[in-house]
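Each of the two complexes below includes subunit A, the first together with subunit B, the second together with subunit C.
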Partner chain A sequence: MIYYDQCDVVLNGSGIMAESAEIGVSPSLAPIYSLGRRGVWNQTPTAPITSNISINYYLESFFDHNKNTIDFIKTGDVTTYAPCSTIIIGNVTGSGYLDSFSFTAQPNSPIMANASYTCFHELIGDLQQKNNRYGYNKTNSSGLAHGYTLHVTSSGNSQIIPTYSLNYSFSADWKPMYKIGDKNPIQINYLGANERFVLNRDVYTGLNLISGVSMTGYLNVTGDTNLDIISLNSVANTTNLSTMNFNLSGAKVSNNLISAQIDDFVRIQTTAINYI
Partner chain B sequence: MYYTFRQFPILINGSSILAESCGISFSNELNPSLTTQKHGTSEYVSINNIQGSIALNYYFTGNDPIKTYINTETGYISGYFGGLFVKSGILQSYSIKATPVSPVVVNTNLLFFEQLGGALNTSTTPSKAIDDYKIVNFSDCSLTTTNVSNVDNIENISEFNYSFSRDVKPVYTINTGLNLNNLIPDRIYLGAKQIETSFICDHLTGTFPLTGKNQIVTLNFRHPNLSLSDSISCSGLVRSKTIDFKINDYVTSQVSVVQSITENPPRITGINPNYTYPGNFLRISGDNLNNVTSLYFEDLPAENYYVLSNTLISGIIPTGAISGNIKLNTFGGYVEYPYNLTYPNISISNVTPISGKYNDSITISGLNFYKIDKVMFGTGINGSAGNTTTGSYSILDGQTIQAIVPSSGIWDYISVISTQRQKSGVSPFKFAAYPQIQTFTPNTGLSGINVILSGFNFTGVKGVWFNDILSPSYTVTHNTGIVAKVPTGNVLGYVSLSGVSGVRVYSDTYFYPEVVLTGVYPSQISAGQRVIISGLNFQSGLLYNLGDDTFQVSFNGAVTGMTLWMNNYMTGLSGYLPSEAQTGPVYIYKTDGASVYSTTGNYTKVPGTPILSNITPDFTYTGQYYNGFIEGSELFNITAVRFSGNDNTFTLNKQFLISNTYLIDDILGYRLNIVNYTGFTGGLAYHNYTGTYEVQAIKTNYTGVLSDIYFTVNRS
Partner chain C sequence: MINNFIANGYIGKEEQLVFLGTEQLPGVQNLNLSYTNNSTLIKHLGMSGCQYVPNGIPSASVDISALLISNDQFINFTGNSGINGFILKSRNNISENIAFTSGYLTNYTCQCSIGQIPQINSSFVILGDIGKIPTGTYSALKTQLSSAQNGWSTLPLKIADPGSVDLSLNSFVTNRVQDFTVNINVPRNPIYSLGARFPNKVETNYPIECNVNFNIEVNDYSFKKVTDYPFNDTKDNITINVKDLDTQQNIISYAFSGMSLYSESYSANIDGNVKATLNYRGYYGR
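Presenting the complex of A and B:
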């Protein structure tokens, strides 16, 4: 039996502070019935085997591999290289393609990220206890991303129009290509991705353009479109800070929702989507 | 009551199959029997027999009782369908759609022209399905495409469709049949049949020949636990191609190949003889050998082949073949069969030319130049080290090779080697690889220095020559480098190498020896005196020519031209000491006229009597500054200038010392410049002081006198 504190959760060689991790392996089997017989002859594969991995973890602002993957998808050469991550959970290892990445920032709470991957090749390894090869919490929690230190937009302008919660999500489409005579894909290519920002504020800005309103200039008057997550230690000092940056430019507002409820102030939820 | 599928097993030709679905349909052809004056009728007349079809889909497990009927024109398929039976089914269509990682499902359609026999047996207790059938999955199969022209082989097929169809027509004659309920056709006409395949791949070229391109597509069925040897194949012409571009999808190419003839798959049972030579006939025995589309001996097509019968082919083994597999394609499929060859020896009869330098092309003539993978300049056999061509070689045909002389060639035999055939041949004589000088450094210097030569094929060099004078010592450091000592003598000229077989090669540029000055004779010389400079390598090509075959020499900066001179003992330059020359070194100028050779000589200038030839101006006025110059020779080291003489009224005997400040500005060997001399004063005020005076230049032990030209002082 392997207890939770003995289970490595490693992403591209770095330990991550996961609250939960799951691996699901799904061969596509179909029963074979035939005329004149009861029961099944066999269960036969009808589609390639795939695995899904999902991890919930504390986001650290100094570095995040998934953020790295997102940045590469946005700016790197994805036509010749499809970035995949090596994920180890309890020594079971897979090469995963990032399907989705999301986090929600609330006041007074650390930011938890959720990432899910699809593996098109078989997983290897068997379940084993951790071997202390990987390091965790390298900044001793001072690099944690927290609701205290997330700024919408950048840290200089975030108080012009305050944000009460933020949800960020990224999703990508990958397409494997299989050929006759092979169980594994011969190649995997990136097809497309998008980012979605959902912000809760108390200021309403109308949407009056049929062609859509860009996030640039929508959030505050200065045109700042940066979303900064500064390391938690910035509340105490100004040295050894790290910042994770998301850029909202290119996103267009897709929805505005004004919500009024008893015992609460009127909130405006703005959703913007950026297609990559 | 409705019954489930479990109770109705299906057998084809008495064997169970894993049927996924089965549909039996039959219809008649009834026409209403209309008569005149009536708009309708309740009577119908049959105008044709009942025709039935069975759509049967089943999983492929390695035993396919229906597939053989694709190529067979005889025999009927019997089927048992849960109690109903058909005795004379005919295969009308057969198709498979292959997608990755999915089970192989065959879709067939059978026709029958009889009454279905039997009745559905609803009382059968279905037996349990047990795991004794291995269902073949497409991930275990292999799909190969072969272009008969051996180009554009296609891989990475993501989808494959195969379909066979044929025309089936029953033929009835009048009075056919036994009774109205059992009309059997007299015969069944099997008409045109066709196999069509299409596949999706990543072959994106747009080439599409008008007459089509031969393509063979073969799906080989495999199962990890079964020893299957079954396949379906389509051998025909590419009929269409579609290249698709879609957002969020891969760019794909869909190719369609159609074959309009089907045969049973070929089979090879034996060959005769079992061992033979390339170029000979080989008889291939087997079955279904008609309609050969290609015959290969490993990777080479047969030079020719003859289909003698359905069971015998005779093919000519290509002369360049190696042992391997016979690869036979017919319209029915593909088969391989091993064969073995005995190889003839490789022989070299001639090499033309027999010598050459690096990068030269030579022709090697001989026999059996097949599967050659090495041409070595140097035997390299029997354990001795040899060289290989670093350039390319071309096999022009079985008797001719064109090879490029490598930079590492040596004087040795040439060998031609076939590793695959384990054969080699050696030239009857040695090939002389010419040495070749690319550069040498330094390109100038004294005798006895080392010069480094760079080039090719230096192994076997017999001598190094400087202007055809043999170097006293040289060392071949490696095949591309030589160090040679410059000999003494007239080494101005090309550097050359002598090699084996009397080969002599020359450099592109000269070696320029240093001119060496060994002495100046006499060592103490007066201006205008003849002087000889002796040394080594005094040659017109090494000296700066002033014209008229005089060569520039500097005597301590005083430049003059001297002529070449030699006697039995030495060479040198001969000339006269320029009058302005002073004691100091002697320099010989190089051909550029600006630089000089490093060795110098020294001489001592012997002072001589000054000779005064002119004074300008030759007069002055009393009380005024005199500025002028005195010309002549041997004017160095003048210590004083004297103006002396008298006339009837005035005596002047003035000598002024040479001063660097204001009296004498320049003392050259041929001129004294007098500046601001004010010595011409005095005399009686009322007399005419005009008169001529003698001018003297005085130096130690010598006095020079201006003759024939007088200096006058006039009253100002």
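Presenting the complex of A and C:
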């Protein structure tokens, strides 16, 4: 038996503080029937084996491999190189392509991120206890992402029109290319990606949904479109800070939802989508 | 930590000057100030050491009990505004303080009984900072501390006693009121936003609930019945004036309109006269 504190979760060689992690392996099997035979003759694979990995972890603003992958997809040559992550859970290792990444930020709470991957190659390794090879929480919590220090928009402008909660999600599509005679894909093609921002505020601006409204100028009067997650230690000092940045320019508002209920203020939930 | 407040030896009651804003509170009988921070253990797969992270809203509160002397300095905070407060050992040393910022009153109670000076109990939820706060940290607090150092306006001493109370309900002319309690509940809703530690705004969750309770010795009081509600229930306008026993000037006046009598009790025993308890309730919007 491996207890939770003995189970490493590692992403590209760095330990990440995961509350939960899952690996699911699924061969695509189909039953074979035949005239003259009763019942199933056999089960046989109809597609390559794939694995799905999902991790829920404390986001650290000083460095995040998934954020690096997203930045590469946005700006790098993803047609030549499909970024792949090495994920280890309890010594079981897979090479995964980022399907989705998301986090929800609430006031007064650390930010938890969720990432899921698809592996088109076989997993390797057996379940084993951790061997103290990987370190966790290298900044002793000072680099954690937190609702205190997430600013929509940049830290100097975030209270002009406050944001009361934020959900960010990214999703990407990958297609493996196979050839006869090879169980593993010869190439992974990138098909497309998008990112979605859902903000909760108390200001309503009418929308012309037919033409789409850009987030530039929509968030506040300064035109700032930055979403900055500064490290937690910024509440105490202004040195050794790290910032994870997202940019909402290019995203268009797709939905506004006004909701009112007792014992609460009227909330406006704005959803914006950026296609990459 | 409270212990840092102790310079040398123990602190007696004469070295506890209690202020709300710039006003020193007279007649304080009891004060309790406490907080709990929001540290939470980080648990994760593969963990070895223990680290903490802020998670949730810190809880902090101040409870003050004071005799009704000179005036009532708490009733004004049943509205929308908050208040800073502090305790000084000496007006000459404002850096030795226990203080709080952004205190919002959540519960106010005034009790008046025969044989006792009327007393006010108040509870505040603290939505800013609390503890030993350096004087330069918050500008509003610094201004108020400086004002305390420079002296405060002298309030004339006024003392109420139960004999100096006027009650407006007609039934209380011939039925003897033994004691009454006025209670005001003010629920607060702090609104937090991303990118800040303190609330962006503090809303009052209207309606505000007011309760007035009387204990009387029955003479000719006419009891109601439970089925009087909803179409024959009793609604009264209640006015209570608490006066200075010497000058008969008002120290504080309460006026509640449309209070609903929702509960009565009838009590008889071998040791005294028949007694009744009457409970009134009203809700007041913005």
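The working rule: the second predicted complex is superposed on the first by the 275 of 276 C-alpha atoms of A that agree within 3 Å, B and C clash if a C-alpha of one lies under 4 Å from a C-alpha of the other, contacts with A are read in each partner's own complex, and residues count from 1 in each chain.
Definition applied: a residue touches a chain if its C-beta (ideal position, glycine included) is under 8 Å from a C-beta of that chain, and two chains touch if they have at least 3 such contacts.
Quick caveat, the model's predicted, so the values are computed rather than measured.
After superposition onto subunit A, the partners subunit B and subunit C occupy separate space and fit alongside each other.
Legend: residue contacts after superposition of the two complexes on their common chain; A:37 is shown touching subunit B, with no touch to subunit C.
In the superposition on chain A, A:186 makes contact with subunit B only, while subunit C stays out of contact range.
When the two structures are aligned on the shared chain, A:81 is found in touch with neither subunit B nor subunit C.
Counted by residues of subunit A touched, the larger count belongs to C, out of subunit B and subunit C. Computed from Cα centres after superposition, the angle at subunit A between subunit B and subunit C reads 150 degrees (steps of 10).
In the overlay built on the shared chain, the residue A:63 is in contact with neither subunit B nor subunit C.
Using the contact criterion defined above for the overlaid structures, shared-chain residue A:19 touches subunit C, although it does not reach subunit B.
Within the superposed three-chain model, A:6 lies in touch with subunit C and out of touch with subunit B [touch as defined at top]. After overlaying the two complexes on the shared chain, residue contacts for A:175 are found with subunit B alone; subunit C is out of touch. Closest C-alpha contact of subunit B with subunit C, superposed model: 36 Å.
Note for the complex: subunit B touches subunit A at residues 5-10, 17-22, 58-59, 82, 98-103, 124, 126-131, 133, 135, 137-143, 155-160, 219, 248-250. Only residues 4-9, 15, 17-21, 57-58, 105-110, 130, 132, 134, 136-137, 140-141, 144, 146-152, 155, 158-159, 162-166, 232, 235, 263-265 of subunit A touch subunit C when the two sit together in their complex. The residues of subunit A lying in touch with subunit B in their complex are 28, 30, 32-42, 44-49, 173, 175, 177-183, 186, 189, 191-192. Only residues 38, 42-49, 51-57, 189, 191-197, 200, 203, 205 of subunit C touch subunit A when the two sit together in their complex.
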